[in-house]
Amino acid sequence: MRSASWERLRSAAAAALLLLLLAVVAAPLAVVVAGSVLDPRLLGLTSETWEAGSRHSTWFSYVLSLYGRHLARSAALALCVVALAFLLGAPAAYGLSRRRDAFARTVAVLLDAPLAVPGLAVAIGLLLAYPRARASGATLAAGHLVYALPFFVRAAGNALSGGNVPELEEAAAVSGAGRWQRFTRIVLPLARPGILAGALMAFTISWGEFNVSFLLSTPTTSTFPSALYLTYTTNSFPVAAAATTLFLAAAVPALALLQRIASPEAARFGEAA
Amino acid sequence: MISRGGKRADDPIGPTAAWIAPAALFLLLAFVAPFAALLRAASHGDPGAFLRELGGVWTHPHTRRALGNGLALSAGVSAAAILLCLPPARLLARSRFRGRGAARLLLSIPLAFSGVIVGFLAVVMLGRVGFVPAVAQALFGRPLGAGLAYALPGLFLAYLFFEIPRAVLALEAAFARLDAELDAAARTLGAGPVQRFARVTLPALRPALLATFATTFSVSLGSYGAALILSRRFSVLPVEAYQEFTAFGNDAGASAMAIWLAGISILVSVAARRASRTATEETR
Amino acid sequence: MSARVQVRRLSKAYGSRPALARVSLTLEPATTTTLVGASGSGKTTLLRCLAGLLVPDSGEILFDGRDVAAVPAERRGVGVVFQSYALFPHLTVADNLAFGLDVRKTSASDRARRVAELADELGLERLLDRRPGEISGGERQRVALGRALAYRPVLLLLDEPLAALDPNLADSVREALVRAITAERTTVLLVTHDRSDALRLGDRVVLLRAGEVEQEGTPRDLYRQPKTEYAANFFGAGALWEVEARAEGSGVVAETPLGRVALPGARPGRLRVIVRPEALSVRPSGGTTVTVRGVSYEGDRSRIVFTAGSREAVVYGPAGLEAAPGDRIGVTVDPRLLVVLPEEETAPSGSVSRSQSA
């Protein structure tokens, strides 16, 4: 009897704590999203005067006029990072899922190593190593990819490590499929859920990346998170709120989709994001 | 007799090293080379100078305070995040209830955030004209919590907000991996709830707890967006490094700080991995 | 398009553990050879070497006289039915069947024709649009067989094709398997650990023991004329009795615990005889009197362990046999069903130590 009541008490406490966490996360998001469409004074939030932005029909169009280019650049950069993560990461995941030699082990360690290194350190290192690549945005993309690649490889690799992929590949080989055919017709389709999850992770990481980007971006390559910093320090609350809402508009669907297709992958995302 | 060189591996079907090579080359160029550049910049090619630069970060009171702030904040936030998220994570892993997916999604949203956004959210809620003080003003007639965002508790809460998804999702996965039969077995052996938690669940979770701590610690230590927005008097080392690099062009100093940050993070994750390895060996 | 496959002194070790030691054998075109042995005897290793999935340490594999060492698996033209079937889960049954033709860039019309032919032959017509996860175990086995046969392999390898099936299903599946293989007229090597499958399904049987060929021959040879005690017991366990045989008249007669037995074709001297239960029968009266040691009821018959003199053996009696340990019953022996081993146990050819020094 004691055990049962204890169990109920424990569940109730856990549920209460869960609700608290949900409230802590949801409340600021709700205030910000509401603030992007409502008069912030309704939220008791601002005493500042309205900005020049009032000639725009909404705060969103004002944000787009100010930071539309950053937004487009971030989207393009994120898609580029996803594509590169796929091109480098899918073959690597395949190789790492099967090879156990010293080279593979070294690369596996190297792949995860950036996760323990602050983004600013990587950014300073990239700038020092390739001082002239900054303007092109190449170092920016590289910095994002360094952090996105381990997640992509892990997600794709998980899809390949379960089940009997090696045997299916053998079956394909004896049926006459060469290396490339085996990769495209057997390995890639089998890894598809993992690749999709990895792509969403890569997108999310790049879309929100600030630690590397802030130092590496130039006025012509600066991304939306940097624009958010700008808006937080220079613009009024409704503008900042609208900008943040635009940021969420891409990030939340990506996370939702990630959770739909692969909650275990999503969990791993949490383990080392 | 066929003579075969070492060219063909035992597994003639599996992937060759060439599949890994592009990613390896990329990591070499985009991670190893930059790291080497950091070391080179901090040393000017002279090991003595390298040690002086590194030592300088420690001896200079300003940077030492920033480093200490970051370490204390990261350790405190990581510990708090784990303690706070442990029961909800268990609930998410073990119970099936309506809205579970939505709850998990909501908790995962801060994963996509940079520290800057978190800082902004802290200002919105706990700034001088924040939402919480406004509500408090309306309810109690006093703007409770006004300006809290700019003080240490605000920074702590902001970092905590940042670490919640990492801790919840990682611990949920750990609970899901945990064999539920273990608890049942301990129960049949007569262990009470406290004993079961202390002697069965906690040891089994130890590797995950250590890994989660290492992750949240590294992320907090390296994140500076929130501090950039929030802290006026309270600096952390990445902010110092950023300013040293951009405002003063002090490559060597900034590199030394970056090496400190990277070194500590790497040390913590290696230590966590070591400790969790011995933990699993003990339980065998 | 079936090949004559020769294996010559093939050796393969995993680390320091030898899996195959100087194995030589020949698979004749359009015949079925069963490869049988206990687990760990090297059956699968040999199959994988033939398929090109494993690189042997030494030795040769010849397809119609051509060394295939340098030919990768995808160009050997070998069909393999894997033990787990290894069907591609993301492809339909039709696409699984067509896979080998597809990667060979066979024209769509030829492909469709061959898939239809195989589906008809294997009874898969109604499953073509399903995926492997949606069909039964027996159906999966047929798909795996069809996939391996589609591109008309020069050699078909089957790795325990019946092991994953429900025993109740195995009989009908076995017949279908034999029909399909015979229809395709290719060279077949079928790996099994089941002795009766080995004898039933093979034109020839190869018995492997610890990576070496213990004996090969027709099913009848292996069962009736085993060359070693191991081979004899592998196909039908019996008691090993050493007996003294003398020439008497035109024949040879041995003194056994079950009386004097004529052994046609044997040489006089000290002989080792395997006494399988089928060589013995229980007689209500007559025969040699023996002592019952134990009786176990097996449904349609009783298994009786008895001693005759100091020797022990097993005989099957009718299900209703009333006997208890200590009882005395009469047993007769049919000399034609006794297995006389060659006088000297020949050490298995090419033992491990010798092959290593080679």
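To keep things simple, chains are lettered A, B and C as they appear, and every chain counts its residues starting from 1.
By definition in this document, a residue touches a chain if its C-beta (ideal position, glycine included) is under 8 Å from a C-beta of that chain, and two chains touch if they have at least 3 such contacts.
The structure displayed is predicted, hence computed values, not measured ones.
**Student:** Which word fits the touch map of the chains here: line, ring, star, complete or other?
**Tutor:** Graph shape here is complete: every pair of chains touches.
**Student:** Determine which two chains are connected by the greatest number of contacting C-beta pairs.
**Tutor:** A-B
**Student:** Just how far, in Å, is the C-alpha centre of chain C from the one of chain B?
**Tutor:** For chain B versus chain C, the centre distance works out to 59 Å.
**Student:** Using mean CA coordinates as chain centres, what's the chain A-chain B distance in Å?
**Tutor:** Result: the chain centres lie 15 Å from each other.
**Student:** What whole-Å value do you get for the distance between chain A and chain C if each is reduced to the mean of its CA atoms?
**Tutor:** Going by mean C-alpha positions, chain A sits 57 Å from chain C.
**Student:** Could you list the positions in chain C whose residues touch two or more of the other chains?
**Tutor:** In chain C, 52-53, 72-73 touch at least two other chains.
**Student:** Of all the residues in chain A, which ones touch at least 2 other chains?
**Tutor:** Residues 170, 173.
**Student:** In chain B, what residues contact two or more other chains?
**Tutor:** Expected reply: 11, 13.
**Student:** How about chain C: which of its residues touch chain B in the complex?
**Tutor:** Its residues touching chain B are 9, 52-56, 58-60, 67, 69, 72-73.
**Student:** Once bound in the complex, which stretches of chain B touch chain A?
**Tutor:** Spelled out, the residues of chain B in touch with chain A are 11, 13-20, 22-24, 26-27, 29-38, 40-41, 84-85, 87-88, 90-92, 95, 101, 103-117, 119-125, 129-131, 134-135, 137-138, 161, 164-170, 172-173, 176, 192-193, 211-212, 214-215, 218-219, 221-225, 228-229, 238, 241-242, 245-246, 251, 254-255, 258-259, 261-262, 265-266, 268-269.
**Student:** Quick one: in the complex, what on chain A touches chain C?
**Tutor:** So the residues of chain A touching chain C come out as 163-164, 167-168, 170-178, 181, 185-186, 189-190, 192.
**Student:** For the complex, which residues does chain C have touching chain A?
**Tutor:** Result: residues 51-53, 72-80, 82, 84, 86-90, 99-100, 103-104, 147-148, 151 of chain C touch chain A.
**Student:** Going by the contact rule at the top, pick out the chain A residues touching chain B in the complex.
**Tutor:** 3, 6-7, 10-11, 13-15, 17-18, 21-22, 24-29, 31-32, 35, 43-47, 87-89, 91-92, 94-96, 98-99, 101, 103-104, 106-107, 110-111, 113-122, 124-130, 142-143, 145-146, 149, 153, 166, 169-170, 173, 182, 204, 207-211, 214-215, 225, 228-229, 232-233, 237, 240-241, 244, 247-248, 251-252, 254-256, 259, 263-264, 266-273
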